[in-house]
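Next up: the structures, one after another.
The two complexes that follow have chain A in common; it is paired with chain B in the first and with chain C in the second.
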Partner chain A sequence: MRKEVPIAIGFIVGILILFEYFLKGLWPGVAPAAQTVQNWGTIISAFAMGLAAANLVVIHSRRIKQRHPDAWMSFLLFAGMVLMVISGLSGKGGERLYKFLFDGLYLPLGTAMFSIMVFFIASAARRAFRARNIDGVLLLVSGLIVMMGNAPVGKLISPYFPVLTDWLMKYPNVAGNRAIIIGAALGMVATGFRVIAGIDRSYFGGE
Partner chain B sequence: MVAGKQATFVIFILFLALLVYYMMRARSGKLPFIRRIPGLDAIEEAVGRATELGRPVFYVPGRTEINTAGAAQTIAGLEILEHVAKLTARYDTDLKVGVAAANVYPVADAIVRQSYLEEGKPEKVRPEMVQFLSNEQFAFAAACLSIMNQDQSASVILIGEFQAESMMLAEGAAMVGAVTIAGTSRTFQIPFFVAACDYTLIGEEMFAGGAYLSKDPGKTANLAAQDIGKIFAFLYILIGSLLVTIGYKWPVEWLKR
Partner chain C sequence: MRALKKFAEVDRRYLYLLLLIVVIVPLVKPLGIPIDVSSSTMKFVNAVDSLQPGDRMLLVFDYSIGGGPDVDPQAQVVMAHALSKGAKVVCVAFVDTGLQYATKAIEFWEKRGKVYGEDMINLGYAAGAETAVSAFAQDIRAVFPTDVRGKRLDEYPIMQGIKNAGDFKLIAEFATGIPGPAEWIRQVQTRYKVPLACGVVAVMGPQNEPYLQSGQLVGLLGGGLKSAAEYEIAVKMPGAATAAMDAQSLGHVAIVLFVILGNIVFIIEKSEEKSKKPTRK
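So, the complex of A and B:
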């Protein structure tokens, strides 16, 4: 029963959503039914958030208890969690604190993380752009052409750089992208079928 | 039927018929030929390396929730996690799984527990093995980088749906000297993985992972159906392009129906 019930629920829900996507005109009741099922999914996900928060609390409590060298980070995490919850739930009174935490700390930290990505890209490019084999040579040459085509100086060096860049981006790049998308779409349908048919059971804890 | 989805529906039904046909063939003992996928073969090597070095394997099953459009990628990542968890249990290697989506956490946790149970080592499971880190993109990336650095992970496996954080995770793994295996079907992130990782599963290769690694007849039949589907798509594009070039518009018009 532990396996059969989830498989049956998965099958019914999967068929309902597919029916709503393709054939909703045939049965007017299908759209509200599909919406209800999706709402249930959202509610279940909210419960999962509780489980995930409990996991955070357990792990970081253990770190503090074991006097881990980075236990102070766990303290910061708890402080952040508590402050955000209190300021978020205390209505008008906590609005200023919430705004300060969100606009003054959370957003700048996220932006700072995003901005350092350029260094990761440069570091990866240094390793990737090595002409070790024919693939590497192709990557290096096309990368250089696209870079020169997009940089203002490229046009000054040769008017062919923007033209070649345009050709590379419009034809070989789009062809490769579409091939990957078609393959991935078939893979997604096959994975969805395996889940709906109950062949793939990994999503409820193994075979 | 919903307008604009008729052709998709026909293709969908034909593909399902193909899947069922190959599955029945596989059940009767006629297993399809499966081509080698180096990225999936490398998983055992990556776990072996972690075992030899006595350092953990770090696994990320994407950053997408299980009830969104990217769910298929997350499920593919979780299928491969099952195989990785069995290997780490078998070889007594430490495993850490970083989760960004709250509703993926209980599933990943159940998969790891079940895998260790099946390998006869349920006592080796610790709460730290599967960690919910954050559902915020860069907070999650920072937490993953921190785990890789603190643990000096020997192998990092990133399979699922990733966004801008893909580059940080892949390059962060390379910086600690980890063997990196990554897979996604998001075309914007594939170049980052190709540039920064040792092995990359491109597009449908990650969906093949569960079938390829489990050798389950029902699942391997999927791979044959996918390959036939790709051949049909290729022929349709080729013949359709020729027909459109000489003035017949119906291959394009039919797809719009």
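So, the complex of A and C:
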């Protein structure tokens, strides 16, 4: 039963959504049913976030209990979690604190983490982006052209940079990406049918 | 030659410092490098321009904190443009942090005289990514019975007559991942035939270019901050993105120079290695 029930649910839900997409006109009752199932999906997703938070609490409580050398980080995580939850749930009263935490801490810290990447890129630019073979040369040259074409200064250096960038983006890039998109779409269709038919059971931990 | 080899050996922290200077100087003293508007940005501008006063546009804040500096200026200028046209803007998020960006945008325009519930509204955030997008598109009130302020959607004039995604004149989605343009095309544009325009981080631009060529997107801001700057220039509303363009330009030049110099050193080292090898007699 542990396997049959999830497979049956997967089959019913999959068929319902397929019918709603393609045969809505023939079977009017299918649309509200599909809508209900999708609403369940959003509710389950919201619960999954709660479950993830609970899992985080369990893992970090264990680290604190075991006096792990990085236990102070777990304390910091708990402090952040508690502060955000209390300020977020306490309505108008906690609104200012929540905004301060988001705008004054979370936002600058998050963006700083992303911005730091530029230093890694600078370092990698000197040491790693090497034209070792013909493929590497092609990648490097097209990358440099697109970088210069995507910066306003590129046109000042040479009017050909934006023109070449435009060509690279519209032709070789679109051709390659279109192939990937179509290939991935066919793969998705195949995987969808495998899930509906109960052949692919990876979604509940099977092979 | 020796200078080039020194460049290869120099402590990487000097490079970091150099890059920092190259980025900060133009922010303090702008150079005024001219910005050209690309055709994909112009298509987006035209899509928003075609809105009539009273038309409802859905503005989707599907972006995270990390990609926010790239995408948020796009969403801000598109919202400003739409409101300046007299269009009404319905904000929604399918990425948790997007809700906070939407809230900030709404507060910004409330302070400037736009009326909440009439000119704009913030529906909130729904978990579930593509499933939530699909459910929302089919029946908005099933996913959001109330807005973020807790009132029923029917109580707001802006939501009158809006039942599903097909009731919007234009959908503008800004994304840094999933859900992104592909999910919105699959679940909304194809089914409801509503014009969809997207703004994404620069790294996602190339992979979404085919959707623009196929007409599934009516506009694409695929160059991150640069696209936002182009949009600001096109609608004559220069803002944060335009101000940052000089810094981005010089940053690009610095990295390109690092790559070129690194490769010159690599070629020299390779030829030296070759010449050191004993030749067969």
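In this section, the second predicted complex is superposed on the first by the 183 of 207 C-alpha atoms of A that agree within 3 Å, B and C clash if a C-alpha of one lies under 4 Å from a C-alpha of the other, contacts with A are read in each partner's own complex, and residues count from 1 in each chain.
To be clear about the criterion, a residue touches a chain if its C-beta (ideal position, glycine included) is under 8 Å from a C-beta of that chain, and two chains touch if they have at least 3 such contacts.
Being a predicted model, the structure only gives us computed values, none of them experimental.
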item: First, second, both or neither for A:Ile181, with chain B first and chain C second; value: both
item: Partner chain in contact with A:Gly110 - chain B first, chain C second, else both or neither; value: both
item: First (chain B), second (chain C), both or neither touched by A:Leu144; value: second
item: Which superposed partner A:Ser45 touches (first chain B, second chain C, both, neither); value: both
item: Partner chain(s) touched by A:Asp70 [first = chain B, second = chain C, both, neither]; value: first
item: Touched partner set for A:Lys155, first chain B, second chain C, both or neither; value: second
item: Touching partner for A:Ala125 - first (chain B), second (chain C), both, neither; value: both
item: Partner chain(s) touched by A:Leu56 [first = chain B, second = chain C, both, neither]; value: first
item: Residues of chain A at both interfaces, chain B in one complex, chain C in the other; value: 21, 38, 41-42, 44-45, 48-49, 110, 113-114, 121, 123, 125, 127, 177, 180-181
item: Residue ranges of chain A in contact with chain B within the complex; value: 21-26, 38, 41-42, 44-45, 48-49, 51-53, 55-56, 58-59, 62, 70, 109-110, 113-114, 116-117, 120-121, 123-125, 127-128, 177, 179-184, 186-195, 199-200, 202-207
item: In the complex with chain C, residue positions of chain A that touch it; value: 21, 31, 34-35, 38-39, 41-42, 44-46, 48-49, 102-103, 106-107, 110-111, 113-115, 118-119, 121-123, 125-127, 129-131, 140, 144, 147-148, 150-157, 162, 166, 169-170, 173-174, 177-178, 180-181
item: Contacting residues of chain B [partner chain A, same complex]; value: 1-2, 5, 8-9, 12, 15-16, 19, 23, 65-67, 72-73, 75-76, 78-79, 81-82, 99, 102-103, 105-107, 109-111, 113-115, 117-118, 127-128, 130-132, 136-139, 141-142, 150, 164, 167-168, 170-172, 174-175, 185, 187, 190, 192, 194-196, 202-204, 206-208, 210, 216, 218-219, 222, 225-226, 229-230, 233
item: Partner chain A, residues of chain C touching it in the complex; value: 7-8, 12, 15-16, 19, 23, 33-36, 38, 64-69, 96, 100, 104, 126-129, 131-132, 134-135, 138-139, 142-143, 182, 191, 202, 205-207, 209-210, 213, 223, 226, 229, 245-246, 248-256, 258-263, 266
